[in-house]
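Chain IDs A, B, C and D follow the sequence of writing; residue 1 opens each chain.
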């Protein structure tokens, strides 16, 4: 057991971090947030640098695992990046793992090259994962899928639907003729829409098992986003309280400030272990839904509490548009709800209390 | 609306407080705790000073209300008194309100004079208030009642039983020939026992409505005990941190210590309002079960958290037998569970969420 | 102890409640929402203000010598509580605390000049305390006011001057004696915001709420702009804060938000409301809301007795601001992906985006108006008598 | 990143688990309970200690030059975790941290003299740090050690010397240079507790657990009682604390307590376990337990890499001690009037009074071993680099 990154993992982190610090300013993020699109330059870079290939099998893919993808996601989150990375890669991984090899062979190269962006379209009005009512009649679907992240820039959707009694995942092209968007505005300011399909041609990808995996892996990767937002808010706060002086000394010298920071750091540290442990476990071919729910629950609580304490310690400057903290507060809260809120995960854990555990 | 005590209420408080500070040492309490009885001298004083008559109708009673009884209870709790005051008075008030006037006329003078001590015997093995399985066959009862506080020194028990389908309260004499005790030892170190009745002669007092009132009034008065324990732990802690020096200054000057104390005081202040509001409401002839559950829930959380923080700030000295803080930690936790724990009250509030409220 | 309203208070409460129910129309709510981040008042809200003033409902608590009826502060509490319970965002802004300060410290001329406008809501004051390097540490402020004949000339910069763009005046703390110790050389002024030398620059927040920087560049005001004695501003400002506090914390509005959450669940998400675990969360929030109520009424009761709350106002401030955050956060969690939708999502946003809004605004309540950390120190030092370090 | 045991670690874990299951008999549990507040070890526990030492399970992590096998600290972690998961209260007491200190700072003679007894559990050390006026502020200690020829003569008083009455020695911090600044004039000694001049007086706690005052009255020890350099005690003591920390927090025992609560509910209170609200509380506790596990393994992993945790040990200490309190408190609440029953109530007490016991002992873990407030300051200053005041 070792919680440190391996050398390769360190390299991945350093490489993406350097790029982001160098190339992406928060003012650029402000622009991206206001125009409702995604960061094409970043996406191009991710493709060219092989990051979009990371989790796929070689030779075309990077042969890395979810832990490495998690590292990438964490760094992107810490720079408030606007890119459908998790959405696209987990959908494509789902095709690779559960779909027809022919379909995978067609799709993955396009994903790797950056030409294809897929959004999972799983939720309906009743807001339940692992569940679908929209009927799949073999070749086409009709109906509305809700809360589809990055819908405006998606080239494809991976849609859950009901084929007779069976849950299936099906791939649809994002064709404005038969898939229309009703844009949503949420606290994250990231693009999101309800997508209404009307006789949209689709290809069946896989069944309920694939959906369960897709939800699970998105649960954990969205927990990594929570972690990244919390980590960033923590570090910004530590830097701020070291520099800001009141009453003749840095406010970071006050015990109340120190203890808030200590509590924030403790939450983040536990969150880091639990999320990466889940990713590692999935890389080992296992997935413990209760461990996932635990990590997710803690990550939701962490990002909510840590960003709020970050504001408390920043005071006025922290809530201004021109300061960068709000990216993490807003995105953090959206991610705290997405793919299972603190409440939803706790309900699941409550329902399954007392079942056998798989952790050390 | 005025949260201040009236002049009469201030007098009651000053009178009992002076007596307790003058006459009752904590070493005396240690002795009383180890011998399993009750404080006969205190009881005599309460009788002689008219405190045992406080809540009963004049001319024999003091004509005061539950608010005044609450003030008395709070002061007794703050001195860790060992006396079945709530038990005896609420049972007798129950007889006065719901019982036959003849029975009341017989019982209340004995209570007022100090000669009668009644313990409510309501719980059975399933630990539910407002509920009984023990059968009442008209003149006698047989079976076991659990967790009876002050059972060893009780002269009578007010027992809940099932008369056909109807809940009743019945008065039994504490006669060792037909009511045997199995002593319990709990964190409070106050006397408690399971009482097994075998063909014990009883007199019917009242029905389900009386039981509901008895449980409600005990819920609130036990919340006052929680309040008293928390208030005392808070004041001991404030005194201690003003005096104890470390790192060259009183520890009470440290921000972390100050903020713990501020949180403790805030919990206590809210607790005080909520508990006395319930007492006042009952004096007005109303009882809102949800307001009672709210007060009780908060009081349970308050005493648990406040006594624990008191220990954290006291350090080693606070957990020693010779220091007096543990009386409030131990009694506080017992009362935090008795008559509805934080969990039990929250379950009730959850079940009734959304119902109409009666508060300002 | 007494937990009931008097008959007179109850009758007044019914009057205000009746009035509030008439004012609280969808048209008013729409007008308020249209005011948006700028917080500008529209004609309906303006008319409500005038009507409240016409009825004398606010000034009834002031001493008779200032045109009041010397009623108990409970009447003011009831006024605000009933209006806010109905969703009417009635507030005098900062003028609500400056009125009493003028009554206590102002000259007769100042009272005549300022009080009527404050009561009618036509004179609105922004709070000019904070500066870039004087946040929690207010006494470090550097804005200067210098005597020039009978006038004062003001130079400096204020920050977080919320509402300056919709106010007529600023209640300004400025240094009048740079030689004196930090707290001792400050004076209070009422400065019109429309005069020459005043520049207001917007500062936008992610909470969807605008605040301002205000620059004072050789701003000249008459001698009667000084309220109270020169160099006594620290004391006057502290006293003004105390006055505001009968309605501190916004309990009524928080209770309304909680009820709206319940109503939303009942109407739109009955399947969630049926979940026992959801009900537990709602019950926990309700208990916490009750503690805010308890602290609010305890504090108000002390003020109503004519005493000064040593720590209870701070308790209300801490508890209410933390509850605001808990409520906003929990509501978003409970509502799943609907939770984070903002009002711009139209009818899909729960309760017109109220919970997103509550959540985004909750930090400001925690650090603003004296950060919760300062409030806890006040509770410990002023309330419990713990020593300063 | 790797979250699995190596094959060797897994095999070792199975070995220890097998051994633990053999040792963890009802007879052993009864013996431990009979030891009671005094904490005396009985023959079964003594035999378990000897057997663990015979197998070389503890010393395998020490460097080869001290008879160890230089295995990863994970082996020590696994040893403690498996024993505690099974309910075997294996501990070397303070000697577990003093062994490494002697290895690092002791002379060859001291190593030969002390290490075998420490490993076998026959030499047990109480911790002689605190004094009546040196609690959190340890550096204020006043116990004096004065050279007299080759010997040292010790005078003073220690407080909260837990286990002194069942120990052979005390690991004593004493002032050797009263002229030096507070932290600089302290040295560490190993002092036998059975010599003349040592008086041990019991201090009983409400937690049902005995601690002691220890008085030193002209206690004479040889020159070899000094461990490490004179006046360097502060550094040595801090280093010793670091060593203890691979198993800090007692996660395994806490997890066992949680499982026992679940088992108790399953067996004795199924009607409670069926309540959704009870299940929510249990789920919340489980999440918190996981955070203790996460912090524990993060900390141990840093130590296993040969690095020094700057803040993670403190995080474990805070989180585990708060969880202990939450678990004890919640268990008592969940179990209703059965909850507060202590073991003296016999079969009516849930899990033989475990939760009452957990609750009563939990304060000690919060202020003991460096109060949680100090730990938070360590996290902030040493871990996050925040400035001292």
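Keep this in mind: a contact is a pair of C-beta atoms (placed from the backbone, for glycine too) under 8 Å apart; a residue touches a chain by one contact, two chains touch by 3 or more.
Just so it is clear, the structure is predicted and the values come from calculations on it, not from any experiment.
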| item | value |
| --- | --- |
| Farthest chain relative to chain D (centres taken as mean CA coordinates) | C |
| Which of B-D and A-B has more C-beta pairs touching across its chains | B-D |
| Intercentroid distance (Cα basis), chain C paired with chain B, Å | 41 |
| Distance between chain centroids, defined by C-alpha means - chain A, chain B (Å) | 52 |
| Sites on chain A at which at least two other chains make contact | 254-257, 259, 346-347, 350 |
| Residues of chain C whose C-beta touches two or more other chains | 275-277, 279-280, 373, 376-377 |
| Interface residues, chain A side, partner chain D - complex | 1-6, 9, 67, 238, 241-242, 249-250, 252-255, 257-259, 261-263, 265-267, 269-274, 276-277, 280-281, 284, 294, 297-298, 346-347, 349-351, 353-354, 359-360 |
| Complex contact set, residues of chain C against chain D | 275-277, 279-280 |
| Footprint of chain B on chain A - complex, ascending | 254-256, 259 |
| Contact footprint of chain A on chain C as seen in their complex | 130, 133, 135-137, 140, 159-160, 203-207, 211, 271, 275, 277-278, 281, 325, 329-330, 332-334, 336-342, 344-345, 348, 356, 359-360, 362-364, 366-368, 371-373, 376-377 |
| Residue numbers on chain A that touch chain C, as the complex places them | 123, 126-127, 146-147, 184-188, 194, 245-247, 251, 254, 256-257, 300, 304, 308, 311-316, 318-322, 326, 329-330, 333-334, 336-338, 341-344, 346-347, 350 |
